[in-house]
Every structure is written in C-alpha cells, then in structure tokens.
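Following are the structures in question.
In the two assemblies presented below, subunit A is common to both, partnered first by subunit B and then by subunit C.
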Partner chain A sequence: MEGMRQRWAFYLLLPTVLLLAIFQLYPVLYAFYISFHTYDMMSPPVFVGLGNYLRLFSDTQFLNSLWVTFFYVFWTIVPVIILSFFLALAISRAGSLGGVWRLLIYLPSVLPFVSVALVWKLLYNQRGPVNDILGELGMQAIPWLTNSTWAPWALIGMSWWHATSYYTIIFLAGFLFLPKDPFEAAIIDGASRWQTLRLVTIPLMKPTIALVVVLATVNGLKAFVFQQVLTDGGPANATQILTILIYKSAFGYMEMGRASTYSIVLFTLVMLISLIQIWLIQERRNA
Partner chain B sequence: MRMGLTAAAASLAALLPLSAFAEPVTLTIWHHTYPPAEDFIKQKAAEYSKTHPDVSFKFQSDPHGDYEVKLAAAIAAGEAPDLINVLDYLYPKFVAKGILAEADYKAMGVTSLDDMKALYSPGALDGLIENGKLYGLPEELNTFALFMNKAHFAEVGIDVTDKANWPKTWDDLFALAKKVEKKDASGNLERLGFNWVWGLDGFWYAMEYWPILNQYGCKVLDDSGKATINSPECVAAFTDTWKRVVTDGIGGPDYATVNPVNALQDFSDGRQSMMMAGIWSPPLFGDDVKKNYVVAPIPEKNPNDQHTLLYNYSMTVTAASKHQDEAWAFLRFLTSDGDGYLRHTGYVTGLKDWQTSPAAKDTIGADIFAEQLTHGTYFWRSLTWGEEGKAIKDAIEQFAQGGDVKEALDAAAKQIDFVRGK
Partner chain C sequence: MPDSPRIRLATNVLLALYAVVALLPIAWMIASSFKTDRELLDGPLFALGDAGFANYVKAFAARPFVLYLFNSIFAALVSVAITLVVGVCAAYAFAKLRNAWTEILWYAILASIMIPLEAIVIPLFLEVHSFGWQDTYAGIVIPTALNAAGIFILRQAIHAIPEELFDASRMDGASEPTIIWRVVVPIIRSNLMVVAVLTFSFSWNSYLWPLIVTTSDELRTLPLGMAAFQMTLNTRYSEIMAVSVFGTVPMALLFAFFQRYFIQSSISSAVKG
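Moving on, here comes the complex of A and B:
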C-alpha cells in the first residue's frame, strides 16, 4: 500500500519536476556554463575559463551597478518594513473599516508593473503633477528623472508606495494570528502602549518580520521594470541596477557570457538570502 | 497515343517560360517596424513575383530595439532570414562573424564593385564595404540637417525662408535659439529655441554629436584603436556645443520630452523651434509644424570646412540564405526604385542623382540633404560600438548635470578601452 502511494506521488509530481527542470534548472545551469565563455549568439561560445569572473573586479559598470543595487535595496526595504508594519498594526485595529483599508492598501499590488511605472513617469515629469505641487508650495521644480542625485530617490520613493502595499498585507496576516493571552496579560500588568509594542508585539511578530525582510530584499534585488521604464538605468548609470546591466549586456550588446556572469553573481546573492530565510524559519520552528 | 501525349506535353513546355519550371523559392525578409517601408516592400515584392512567379515572399517586422535581439536569436538558432535590414555600424561585427553574404554582382546585373559604385552617389556604399567587399545595398542613406519652425521665427521678426538668416556656426544657432525661445511670467521656458535629444539610446546621441566631433577634429579612437574621446579637441567640441546648451539655459535633459517612439516630440508638437534630424522626420510632425518648417544645413565650426553625418540603414542578404542569388536579384530590383522609396517612405536610397528625381522635387529640403550628404562621414567602426556609444552617452549625461566635461570624457575613454580590451 505504501509503495503504491509512493508510486502515485512520483507520477503526480513528475510533470511539475519536469517543467521545473526544463524551464528553471536547465536555464540556470546553462547560464552557469555560458558564464565561462564569451558568446554573442551569432557564433559558437568560446571558453574563457574564469576570465569573465576576474574581469568583474575592474568592471566599473558592474561595480557601479552593484553599489546602485545595494543602495536601492537598502533604502527601499528599511522604510517599507517600518511603514508596512505600522500600517498593518493600524488596520488590524481599524474595526469594521479594516476591510475597506485592506482593499485600498492592496490595490497597488494588483496593478500591472508597467502601467504603474508609466503613471509614475508622468507624475515625475519636469512639467508633471509632483513638480506642480512643489511649485504651489513655492519650491523649485526638481529634475526627478534626469538628475543622478534625484533619480535614485525618485525610484525609491515610488517603491515605497508600491511595496508597502504588499508587505502590509503580510504583516496584517501576522497580526491576525497573534495569540491574545500575552496582550491580556500586558493590560493586567498595566503595560503602556509603547511597552506592549516593544515587549510583546514585536517579539511575537519576529518570524513575520524576518519573512518580510527576506522577501523585500530578494524582490529588491530582482527589481527591473520600474528602472527600465522610468530611467532605463540613467541618467549616467545612476539607476542602473544589476538586472538592467544584465539585460543591456545580453540583449543590447549581445555579450551573453558577461551577462551570465552578472546573473550568477545576482543568483548567488539571492540564494544566500533565501538560505538565511530557511534558517530563520527553522529557528522559529525550533523555538 | 502515348507518343502523341508526350509530344503535346513537350510542345507545351516549350511555350512556358523557363522560370515556371524552376524550383519555387520563398524569400524571408526581416525589417525594423516602419509601416510606410513595410507597405512599399510588400508592394515591390508583389510586383517582383508577377515577373518571377517562382519567387514568393514572407515579411516580418519588429520595433528597432526588439528587431536586433530577435535577429541575433534567429541567427544563433540557424534560422536567419534571407534578407535583413542592418545599420551600417553593425557591418564590422556581422561580417567578422560570417553572417552576411558578399554581394552577388551577376545576380544584380553588374560586373564589379566599381560598376555598382557608379550607380550610386559618391560614398553611398562606403559604410557597407568591409575589406574591399560589398555586403549590402542602401535602403536609407541618411544625414542630418537643421529643421526650423518658420512660424515661430516669424513671431520674433525673423524670416527663416531667407537663407541669409540661417545659422552658419554654432554661435549663430545658440544666438537664434535665445531669440526665438519663449518664457512664461515666472521665467520658465515655455518654448525651446533648440535642444539635443536626451534620454534615448547611444545611437541617437551619436547622430547629433558625430558631425560636431568631426568639425572639431575629434576622434573617438586613434589608429591603434585606443580611445581618444578625452582629447582636447573632443573636450572643446562637447564644451562648445552640447554643454553650452545647458549652461546657457537654452535646453538640456530637464526640458526634453523623452519618447523613444518619436524622439522629435518637442519639435513635432511645436514646443521647440529648431532641431537636428533626418529627411524621414516630417511624417512625425504635428499638422501645424508640417505646414511650417524649413530645412537648413547644420551649423559648422568653420563654415568653409563642412563636416556632416552619414549613416545607412541598409538591406542585405545573409550567408545562411539558401537562395542568395535570388535574394540579391530582388534586393537590386527593390532598391533601384529610389523615387518610389522617397515618395512612399521618405527614405533616400542614395542612387546617383536621386535629388533630381520627381519625388525629391516634391520633398522640402531634398537639395539641402543632398548637399549635406556630400560632406558626410560614417561613425567610427568597431566590434563593440554599442558599448562605446553608451560610454559617450553616459559622459554627456554626466556633464549635462554640471559635471566637468574632461572628467566625464576621461571616464568614457576608460570604459571604451575596457570594453575594447586596451
């Protein structure tokens, strides 16, 4: 009977495993293989050993993109996590209006990325609504997308709006499943709101916070559409995150070997963070 | 009876043209998306099939950016089309990779490269020749000229239909730009006198700076292939022209509408009074601007020593094509209709004396473009042109924000040397 169950499980899993192997595993392995070659898609790959990897240390485009990526991820996830946490906390206490707030907050997450990016491109236009508001306040117009200082912040600001939506819902789910007893005990002990938050809510929410940190970091590292549509990595590479550099190297310059090397670096970063996620989840189970 | 049938079949065969018995051939054509050109090529293909019933055609087009990616993927998969549309700066790479077929003169009804050159304006084929061999024919031989909105200038009392009022030097141009620009009550620019293109790809930037670099004696690479884009001549070229537009408050990236589909949006919509562009651009203009433009030569550093741009969006045959002779024969047939091309698509095929054709006489500024073509040179040749063009574009975007021109060009030179392995 057990053997039959296992056979069935094998047959049922087989299509999924095959699909994953063909469309996920094979491309990753092939990218790894190509990262040891120069390959322009027009002639056969030429083996260069570790050449592409050694080149990374003097590749200013890559080093700049790595820095831009970390800057973007850091300044996106820190404010987004704080904002999402407190928004979720407020909605969890919103009573009968909670459903409406949930719907409104989640809306940005269900809109297509490209549509969102195009709308923000219009908002950030030199003659667009954001600068109109600044003008009404007596301030100078800001070149949001054409200045190397402002463009990264324009994208970060937009990501706050977009990402907060998604992570608020995750935090909200975490709040709804918190046990009530510790909070009742805190009230009986006369704990203030700040003490309850610091000593009860945050410790109980740690696994959810860890999950959101990992998800936000991985999603930040994989960002592409907003940068592609709003600035195409410019001006002067100020918003050229790794994914944009990979895309340009592969499809703009036909340097598949180099693009694969960048991809492997990105893959390694994402994998390391995913491993931390697994470790954190295991910690939670063992706690 | 059998003998009679055989004899009848033999007689019938003798009456039919030989081509009716040739193996049917389907030629696949790939082109970047430009509806007027697509329609024209399809029309010419249908004409060709009437006289060559054994030849049929399959046509595919994709927007410029996607087009080159799909083409590379098709070549990699061994499924290259027979006829392709290729910009001249890609020829060194494509020829080095063995992707393009050498011209088949016999199929085109000529005997040699010199015969072919004799059919075209001087220099028209130069960008398509590698190692002394021809690999394509021009479909869109281009240069840039200066477009001016005569209604805007009339508002400030300048008649730009009078050649005497055309800017001869860059100083003249910037002075005119200041005269024609319009500001609101707060002093914000409402209408630009002139601006460069901004926020587009490196090729677009190059089309505008290339003539200027030549006017200043600036070379992107020296004879050994090392970057010299940071030479004093290049620094002066960019400082006197590109940077000046920003520092003098004439234009700059903050004022430009970035639209990859219509790079000339501000001029087309009447928000800008002068721009540099090709003969193909008027179909993109708004109705008001269509009725109100004049074409002048681009300004020069030294009006007695003219330098302009030359580039070529060509048609060529791939080495993978199994029907190369038929493909070359059709290509010659297609591109020999220079008048049709200009009338239906706005493209100049560069055939000798094209500027005297009936279509050219109906085209505003055709004489100016013809004259500008004679002073044109092609971009620098390189296997890594895309990355080199991007490095220069990055430098421009850097100094346009207030950075030092020399420092920005030093960084570009370093990047160019890096990608070239120098």
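Moving on, here comes the complex of A and C:
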C-alpha cells in the first residue's frame, strides 16, 4: 500500500519535474555556461573564463543600465507603496462603497500590458493629453519620450498609475486580516488617529509592507514591455533597463556570451531579493 | 475605530478622486478609438469622435488581428490546461504523498518559481532553437506553459483537505488518480479557477518570450501584433487605440464573469512575484 503510494508520487510528479528540468533548470545552468564564453550563434562558443565578468566593470552600457534600472525601481516602488498603502487603508474604512472603490481602482490591472503601454505612449505624445493638461495649467509642453532627462520620469509616472492598482489590492488583503483587539485597546487608551496609525497599524502591517517591497522590487527588475514599447531603451539609452540591454545584446548584436553575463547579474539580483521574500513569508507563518 | 460621518465622507471623496485618475486613461483610450486623428490630437479629451468604427475596420484590414487573437487564446488555453492538469497532480503529491524526495523537490519548485524568465531567455532560445521549435506554436507555448506558482496555490488548498476524506476513498479501493479526480478536484474547484485566471492573464500578457521565439507574422500573439502595428509607418494613433481596446476586450469579459477569482488571483500571485 505504502509502496504503491510512493510509486504514484513519482508518476504524479514526473511531468512537473520534466518540464521544469528542461525549461528552467537546464537554461539556468546553460546561462552560466554561456556567460563564460563568447558566442554569436554562427561559430562555436569560445571559452573566455571570467572575461565577460571582468569586462562588466568597465562596460559603460552595462553600468548605465544598472543605474537606470535602480533609478527606475526606486522611484517606482517608493511612491507606489506609500500611495497603495493609504488607498487600501482608505478602502478598508470606506464603508458600504468600499467594494466599488476596490473594483474601480483594480481596473488598470485588467488591461493587457501592451494596451497600457500603447495608451501611455500616446498620452505622452508631444500633442497628447498630458501636455494638454500642462498647457491648461499654463506650463510648457514637455518632450516626454524624446528627451533623456524626461523619458525615465515618463516611464516611472506610468508605472505609478499601473502598479498602484495591483499593490492596493495586496495591501487591502493585509488590512482585512488584521486583528481587531489592538485597535480597540488603542481607542480605550485614547490614542489619536496618527498615534494609532504609527504605533498600531503600521507595525501590524509590517509583514505585508515587506512583502510588497520585495514584490515591487522584483517586478521592477523584470520590467520590459513598457520600456520596449514606449522608448525602446532610448533616448540615448536613458531608459535602457537591464532587460532591454539583455534583449538587444543577445538578439540585436548576437552577443550571447555578454548578454548571458548581464542575465546572470539580473538573475542574482532577483534571487537574492526572492530569498528575502521566502524568509519574510516564513517569519510571518511563525509569527 | 469608528470614523465620524465627516471623516468617512472625506475618505470616500478622496477615493472617488483617485478612482477618476485610475479610470481616465482607460476612458480616454476607448473614446480615442472612435475619433479621427485630428479629433484625437486637437479635439476635447473625452468627446466621442466622428470616426465610428472606421479605426477598427482599418486596423483589421491592415493586419490579421483575428489570427493574433486566436494565437493568444490558443496559447493561453494550452498554458491553463497544462498548469491545471500537471499542477494538480504535482500539488496532490506534494500535499498528501510526502516523503523525503518530495520534500527536496518542493524546495526545487520554490526556487523555480523565483527564477525570472527575463534572465533565462537566451539559453531557452538556444535550446528551443536546437529542438527545431523556433517559430512554431510549440516553441511559443510549451516552454512557458507550466505556471509553477499554480502548484504552490493548489498545494496549499489540497493541504487543507482533511485526511479522513482520503482514507474513506482508499478504504473503498480507489486509486490515487481516482482520488484526485473524485475527491480533490471537486473540493478545490474555486482554487483551480484562481489558478486558471492567474495563468490565463500571465499568458495573455506574455510578451518577451513570444517576441524572441517568433519571426513569422502568422504566429504572432496579440500583444506582439499590437506592438508591431504601432511601429508600422503611417499607422494612425486612433487606430492604435482601437487595437488597444480590442486587446482589452477578452480580459474585460473574463473579468466581468470571474471578478472574484481575478482579485483572488492577484492576491495569490503575491506569493510568487
């Protein structure tokens, strides 16, 4: 009986193991392998040892992309997290209309990413609505997507709109699971609204906040569609985040080795942050 | 803390303001798809234009959007089917047939959930190329079909099923597949829906991988077709908006019918990232 079940465990897991081994594990190992070679898909790979990695430190394109990525992730996640947190807090206290607000605020997440990208590309058009509104306010039109100072901010701005929709829902789930007792105790102690927020709500929400920080960072590192559609990394590489650089080096210039080295950097960043996430989930479960 | 009526009103007003911000770009997209380009750039922001369905007609004449739609739906359905069938089997084994090996494997699954596709597309492309799958349906769909996060969600659900239910079936001599089909699936039906919705929207948004693996136009999925359309010379802005609306309709319909699962799937996907 027990042996039977063990055999079934094997058969039931086999498809999953095969799919993951072929399409995840092997590519990861292969990525490391290629990162130690130069390879253009025409001639066989040439082993260069740590050459690709040592070149990273003087590779201005890579260093630029790393900086652009961090800039994008940081300025995306900080406002988004603050805004989503307070939106979710507001929804949780909105009373009977809460469900309506939740639904409406969630809608941007229902749009396909490419639709979002196409709409915002047009919103940022020189003669588009964003500049129309600035004009109404008596300001000059801004060349959002064609100026290397403004383009990163254009992408960050649209991410606020897009990501807030998603993280508000995550925060809201966190708020709904909060215990009631500490809040009642705060009322009895005569705590002010601000004190309650600072001393009760935020500490209780810490696990959810941490989770959202990790999620938003990972999702920011993996961003691709918006940058590809709106600016294709330009102007002058101002929005060339790592994923765009990887894509261009590999499939534009056929530099598979170098692109794999960039991939390993991205891989390492995401895995490190995901490990923090697992640790946080574990903490929460133990709490 | 019970809020006073005034504070509650202020809360609702602020939320209404933000809801307007969230909806404006969507409303503008829909309105623009019915405008001429001149109306779009110079006319009032939200007035419906005079173009009627002309933009839709022209866009569909310019590119095979129905084919792109079919490709996207096909890819998404295969991905959902594989994730549900393969996933529920694996999840059951992980939850109820545990041994030392499944425990080790479970950590491998967790690790694979974290692996960003964006970092392995190059080797994946080389591998798929060597299979001769480049520019085929198999190449587009199979490598990214299994959504490992689904296994995670299903395992949690199966884990919560009381052991007695299984013992009763086993006593009756039911095999493990029968138990999965007769006992597990009916109980976790709503979790299966969550995973289905999650996997469908992942696939629907999938962009980088199909972009890399396809070269011929007939194999393009909708996101690729939409992006390629806007890069074509002489494409009108209003036609691009028509196409954006078109790409949204399937998701909007799905959302209208399965709203509950959508929001639940967003929350569940938080464990994945």
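Convention: the second predicted complex is superposed on the first by the 277 of 287 C-alpha atoms of A that agree within 3 Å, B and C clash if a C-alpha of one lies under 4 Å from a C-alpha of the other, contacts with A are read in each partner's own complex, and residues count from 1 in each chain.
The rule is simple: a residue touches a chain if its C-beta (ideal position, glycine included) is under 8 Å from a C-beta of that chain, and two chains touch if they have at least 3 such contacts.
Since this is a predicted model, take the numbers as computed values, not measurements.
Contact with neither subunit B nor subunit C is seen for A:Thr38 once the two complexes are overlaid on the shared chain.
Looking at the shared chain after the overlay, A:Phe251 reaches both subunit B and subunit C. When the two structures are aligned on the shared chain, A:Leu211 is found in touch with subunit C, with no touch to subunit B.
Subunit A is touched at more residues by one of its partners, and among subunit B and subunit C that partner is C.
In the superposition on chain A, A:Val114 contacts subunit C only, with no contact to subunit B. In the superposition on chain A, A:Gln24 makes contact with subunit C only, while subunit B stays out of contact range. Common to the subunit B and subunit C interfaces on subunit A are residues 41, 251. Residues 69, 72-73, 75-76, 93-94, 97-99, 188, 198-199, 253-256, 384, 386-387, 390, 394-395, 397-398, 400-401, 411, 414-415, 418 of subunit B are the ones that touch subunit A when the two sit in their complex.
Against subunit B, in their complex, subunit A makes its touches with residues 40-43, 58-61, 126, 141, 143, 145-148, 232, 234-237, 248, 251-254. Listing the residues of subunit C that touch subunit A in their complex gives 1, 3, 8, 11-12, 14-16, 18-19, 21-23, 25-26, 28-29, 32, 40-42, 45, 82, 86-87, 89-90, 92-94, 97, 99, 101-102, 105, 108-110, 112, 114-127, 142-146, 148, 151, 175-177, 180, 204-205, 207-208, 212, 222-223, 226-227, 230, 237, 240-241, 243-245, 247-248, 251-252, 255, 259, 262-263, 266-267, 270-271, 273.
Looking at the complex, you find that subunit A touches subunit C at residues 5-6, 8-9, 12-13, 15-17, 19-20, 22-28, 30-31, 33-34, 41, 87, 90-91, 93-95, 97, 101-115, 117-123, 125, 127-129, 132, 161, 164-166, 169-170, 173, 183, 186-187, 193, 196, 211-212, 214-215, 218-219, 221-222, 224-225, 228-229, 243, 246-247, 250-251, 256, 259-260, 263-264, 266-267, 270-271, 274-275, 277-278, 281.
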